[in-house]
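Next come the structures, one after another.
Okay, so chain A shows up in both of these, paired with chain B first and chain C after.
Up next is the complex of A and B:
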């Protein structure tokens, strides 16, 4: 029975990380209709910034996490200002090509500075909690609690503040948002900044139990796309629930079937769910 | 207050607005008549900054509006209540109204006062304040749309087909409300196909056809004009 609960913890850990990355991706898609393939690279840059601040500068884990979030938010805003904003009136394919360009640029830049080696970030939370045989490493607990706090904070920001409301308004009716005087540029920059912050937090939370390397964003971004398609493009609850579905499917599939198949399980689920509900789980109509 | 001089707007090779010159004076209620596709919405969207003029000048209270972003135009005091309402359907009525005050977001006290005034104007919205705007009836949604526009404290309010798709009783109330808004000091530019009802409350009117202004006159002249009566009033 403990093994079963162990998989629940593993599923929640994975689901939390996937959910955080997918949230940033779905926010940008929901508001600007840009499928930001570079989001995985932002996740990777977040991990490297934490690595840099902790290992090279000697900052504490939490300080490094905050620093990484600020830097990745700036990188995300710059990508919006310098790349996506000038393409706003271009055919949609240009956004997609540009996003892949940013992804390749960031990966090459990181590889040029730090090389292609696998690196490790040590966490100050290395202890293991034992609840009557159910073993939870502290870092995994931190991931689950951290993701919960971030999602709750994001919801509070979006629902309870005027600034957050402008993001939702833009997603619900773009013309309506313009007509009340909401500044599209401001909302675009804010949305990219939030997506960058979420990616950096996810990377910093997950890096101590994983490895840090320039291509680390590839698998995560593929899963994040699966999640937002599955949850409904642009849907915030869809990203969270979708993240958990993929996380649990991988944890249980990996344990009860084989870890070799865990990536196939995510895509298999996508095929099954989209066959039943083509518009995704949380949208009322196909986008 | 508002002055347009030879304004052209093109969508690709199609000229949607052709040498539009018009004036709206402070305190007036000016009606824009025209059939579907005449260019009324294109003109409103141009004044709101959603379309960019390809020629001509737009001035509001002495300030040139050409090329300004929609947010800057709302800030300048021109607010549009668009055809189709363009509400935020999953947000509550209250949230929709409060977002109308976005350009005055720092004046929280003023916004609360304004919110109360809007609820006095549309008492039914107080009961519906927590409901998603998309769940309301057409008439109530139109009240939210007008209320949201009024929350921006416009000096010039543009209303695009506010009576479209509403029941006759609601249409009557809507025109009374528009007249009330105007009498309280807001200048109104009203695009309407319900010409008779609109002209009854108007100071002046323009008639638009194929992207051009083809006629102008005060209320009496327009109501008495045979061509207007035939084409738009049906009598």
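Up next is the complex of A and C:
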């Protein structure tokens, strides 16, 4: 029973992280219809910024998290301004190749500055909570609660503020949004900033129980893509549900089937699901 | 002057000059290493030609291409080292293996469009990498495959030398380019271009989308398998890192620099980037710091690449000259505008 409960906690932890990364990805896709392959690099840069602020500057964990979020948001907005904006009228294949270019650049840059070594970030929350035999490490609880709070805050922002409403309007109907005078540039920048912030938070939350290295974004971004395909590209609830599905599939698959193949589970799941339903699990109609 | 030079380059007879130069290259090469690098560049070029079929002509960004390259290399490597096959039967087996796996992947993945296809193939590429890395009973895992047989020369030549191997790769490269030049002029090639220019329009013309896309995909993975098998026979040692997604990104860079959807783009792009990085050896680890922004700048400012931009420039020039002295330049103009239009279609 206890082991089973442990897997639930693991699944929720992984699901929260994947969900946060997938949320940023799906927001950008919903607005600009770009599959941002560079999103994994933003996640990686987020982890390294936290590392830099904590280890080299000596900032507190929470301060480092905020700083990292600001820096990654700036990087994301810059990539939108300098790369995706000039390409807005190009064939879709160009966006994808340009995104790959950004990914390669950010990875090489981080590797040049910090090297390819594996690093660790220490969190102030190393304790273990014991609820009558059910054990939860504090950091994992922080991840789950943090993700929940972030998703709730994002929902509030999108539903209750004018700026958030413009983002939703543009995702729903581009031309309609232009007609009522919504500034597309502002919305695009805002969306990239939010996706960067979510990536940085996810990376900083997950880093203390994982390792930090330049290629750390690869697997995460591919899983995030799997998630948003499962959940329907551009759908916010889809990203959260999809994240949980993949998180649980990995936690239980890794425990009951095989640990060394646990990274394949998500992709295998995608292959199976897309073979049966090419339009994804939760979407209606074809793309 | 520039125009005449460029017109000379696009003359049909010029290709024989280049073939002659390629044949004589080992004589000019300063050392055996340069011959080796050139062979390697040719192997990559064959792989890029494969990518050009599905991505350049057919318009589907396939991010599993490096994975199929690795499957070709592993099929040849494992059959010759673990199962005692000799090179040529294993070589044929490698081509068949990549064609069959390409067919299976294609049938599933090509039901998806655009972004979904790109993301799906990204995942397929990653699954290939993970399997090569983790399936230790079959692939030896991270240790890689050693003792791969060199091509058997039937007692006539010894392909373990770099110069005979160079000619072997050159022969395959010339055959690959010849096949694609035939393909791109055929009805099938034009069908691929029609699919790229618009799925729905092509379908309304009576083109069977699925069958043609799968055919393009199988052709492209077979090219990747051919390149991979040659690579394994040349390097004689392979590991899971050969399936790293970065190799696919490299291939895309070569294709984009040369000119996506053009006949000579893959060759020009591969040779120029490979020799550029050779002369910038010291940058090896950090070359992506240059290549990343290069890729971005290329798609923003020169989406046609070197060859595509040249063809487009030729066409514009020919048009403006055609206006000035129509009767005299008419022959040049028509022949060039045909290629120029193709370049524009490709853009």
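Following the convention adopted for this analysis, the second predicted complex is superposed on the first by the 284 of 287 C-alpha atoms of A that agree within 3 Å, B and C clash if a C-alpha of one lies under 4 Å from a C-alpha of the other, contacts with A are read in each partner's own complex, and residues count from 1 in each chain.
The criterion applied here is as follows: contacts are C-beta pairs under 8 Å (C-beta built on N, C-alpha and C of every residue); 3 or more make two chains touch, one makes a residue touch a chain.
Since the structure is predicted, the reported quantities are computational estimates derived from the model, not experimental observations.
In the superposed model, C is the one of chain B and chain C that contacts more residues of chain A.
By the touch criterion stated above, A:107 is placed in contact with chain C alone, chain B being left untouched. In the superposed pair of complexes, A:117 makes contact with neither chain B nor chain C. Once the two complexes are laid over each other on the shared chain, residue contacts for A:225 go to chain C alone; chain B is not touched.
Applying the stated contact rule after C-alpha superposition, one finds that A:90 touches chain C and leaves chain B untouched.
Those residues of chain A that touch chain C in the shared complex are 29, 33, 35, 37, 82-83, 86-87, 90, 92-94, 96-98, 100-109, 111-112, 218-219, 222, 225-226, 229, 233, 260-261, 263-264, 267-268, 270-271, 274-275, 278, 287. Against chain A, in their complex, chain B makes its touches with residues 48-50, 69-71, 73-75, 79-82, 85-91, 95, 98-100, 102-103, 105, 148-149, 152.
For chain C in complex with chain A, the touching residues are 55, 59, 61, 108-109, 111-116, 118-120, 122-124, 126-127, 130-131, 134, 245-246, 249, 252, 256, 285-289, 291-296, 299-300, 303. Of all residues in chain A, those touching chain B in their complex are 162, 165-166, 168-169, 172-173, 175-184.
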